[in-house]
Amino acid sequence: MERTRTVTWDDTSGSLEAAASMTGLEYMRAIAAGDLPAAPIAHLIGMVMEEIEEGVAVFSIEPAEYLYNPIGSVHGGVAATVLDSVMGCAIHTTLSQGAGYSTVELSVNYVRPITAETPRLFGRGLVVHAGRRLATAEARLSDADGRLYAHATTTCLVMKVGSGNPGG
Amino acid sequence: MERTRTVTWDDTSGSLEAAASMTGLEYMRAIAAGDLPAAPIAHLIGMVMEEIEEGVAVFSIEPAEYLYNPIGSVHGGVAATVLDSVMGCAIHTTLSQGAGYSTVELSVNYVRPITAETPRLFGRGLVVHAGRRLATAEARLSDADGRLYAHATTTCLVMKVGSGNPGG
Amino acid sequence: MERTRTVTWDDTSGSLEAAASMTGLEYMRAIAAGDLPAAPIAHLIGMVMEEIEEGVAVFSIEPAEYLYNPIGSVHGGVAATVLDSVMGCAIHTTLSQGAGYSTVELSVNYVRPITAETPRLFGRGLVVHAGRRLATAEARLSDADGRLYAHATTTCLVMKVGSGNPGG
Amino acid sequence: MERTRTVTWDDTSGSLEAAASMTGLEYMRAIAAGDLPAAPIAHLIGMVMEEIEEGVAVFSIEPAEYLYNPIGSVHGGVAATVLDSVMGCAIHTTLSQGAGYSTVELSVNYVRPITAETPRLFGRGLVVHAGRRLATAEARLSDADGRLYAHATTTCLVMKVGSGNPGG
């Protein structure tokens, strides 16, 4: 086994300009359709967008050794990244044109270890509350047989794009 | 700018056997010293072990475009991964020989966006409670000037190595 | 309006002995049926057990001024208490005889303020993962019209009763 | 032992008007000094304000049977309430005149059970990040000997008073 991985990604700096004239759902669908580039980190960790609907986002990932922590399993940050992605994207699909969001809090529960032998995993994010200034979502990470590995919730701040640092 | 990244990592399958004859602190120090291989994911995302003391772990990371989400900043999963790492490793340093741990819960607060222009970030994890079956830790992700970007807490289950799936 | 509240509660010290010969579901149903006393705090804050099924618990509460914080609304701790109750009790219903649990982590998202004008609220807790050592649950706090006020998740440690402090 | 508790509280409806002409620190100090009424829930659960400084709030509580859950210990919602209080009040002390806040997320870690035999507990809340729109805080619940029982973090949304439902 050769332990090397090479990834390439696209310049996404034009995406935000494109986003300014789209609703959140249109933006997410443009990425899903390949009309706008996928997130660089999706290439890095091998995360694939599977489904985008209003209030819903599904991504998948193949557990692999290059995602390992030092104690013999896939790093918990990988599940956190997939769950954060599907919840953020689910919230993004509910935003009107000119609105953006920023994650302010993420909580993850790990219920089963993930190793290179674990089958492909699917993160499914659902919006729970979509308010004018605040949105929350929940997500589960399961295999195709429905075995649950982790679940999560998030809180996002919703704002006009360009209104500055949400933590500021 | 060339948008490609190649990483290599080491076979870590021997590490757990090595770990069985070490305390947690010895194991973490062996990784820090390069006597045992770093975690594959550390190579993938460019995370570097900076400091290991009993109850403390510090890692650093260089924000970069290959870590980006689809909305123009470093993906929140990256901060989650660094914070999870330093908290897990801080807890690991408190474990006696033959003990292991598993993260059961991770909560992250994001207070400032991270972009490719953000300077190198340092995650510092500290053990809060080290019990026989349960350990908790907290961590902050800051730049060298002390500007805070995210903070986190975690809950880990402590167990004898080989006692099976902690979520089971 | 007279601003005074008097509550009485029952001695529950015999309940744990009674619990030792019951499954978790039997224990919860005995409380619901009034064969075992309700929790003292349920009397204190006016929380009522509405429904107990395997993996599910529903409690209700009437928002009122005596539950107020210093900024003109029902204290966030009240929603936390109801949500923690329904999740803990939902998990309790899945336990076999001789097993107990302890909450190690609770995360609450608040999406709408609660005042004395808010109608009666119903907390509904559902088990997400029921493992041998670890259980997780989720809950929502809504009014009868389905308006959501808060939601939550929890992590509980499952253990043999009498095996000591789970945090130890 | 008589199992009854009678509490009285004050009308706090005038407090918010008083608050409008004060900074957050002045408001918290007015409550601490008894110039403005304590929160009704503080009377209900026996919670006492011990210390208010800029960015810091300390409350104490005496563990007692009337705070019990159905499994023989003080309900986890009580620790959540004290921790939420000291974090919210710590954030409140950092607010300028005309600003308010709303808790959007609370995470609590429980590390040791609390019973009626547990000595008086002190919750200490500290601001971690005080931004224009977002603030975070952390807190610990310990006895006078420094034994830790629970710890927590929170995320609050900061806003102009009267700008409406933060979850909206």
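Worth pointing out:
Should a chain be cited, it is by its letter among A, B, C and D, assigned in written order, with residues numbered from 1 in that chain.
Throughout what follows, a contact is a pair of C-beta atoms (placed from the backbone, for glycine too) under 8 Å apart; a residue touches a chain by one contact, two chains touch by 3 or more.
Note that the coordinates shown come from a computational prediction; the quantities given were computed from them, not determined experimentally.
Listed here as common contacts of chain B and chain C: A, D.
Looking at which positions face the partner, chain A and chain D present mostly the same ones, since more than half of the interface numbers are shared.
For chain pairs C-D and B-D, the one joined by more C-beta pairs in contact is C-D. As a whole-number value, the distance joining the C-alpha centres of chain C and chain D reads 20 Å. Separating the centre of chain A from that of chain D, both taken as means of CA atoms, is a distance of 34 Å. One inter-chain figure worth recording: chain B and chain D are separated by 32 Å, centre to centre, where each centre is the mean of the chain's CA atoms. For chain A, the set of residues that touch two or more other chains comprises 104-105, 107, 109, 111, 129, 131, 134, 155, 165-168. Residues 104-105, 107, 129, 131-134, 155, 157, 165-168 of chain D are the ones touching chain A in the complex. Contact residues of chain A toward chain C in the complex are 107, 109, 111, 128-129, 131, 134, 136, 138, 148, 151, 153, 155.
In the complex of the two chains, the chain C residues touching chain D come out as 1, 3-13, 15-16, 19, 31, 36, 38-41, 43-45, 65-72, 75-78, 80-82, 84-85, 88-89, 92, 100-113, 165-168.
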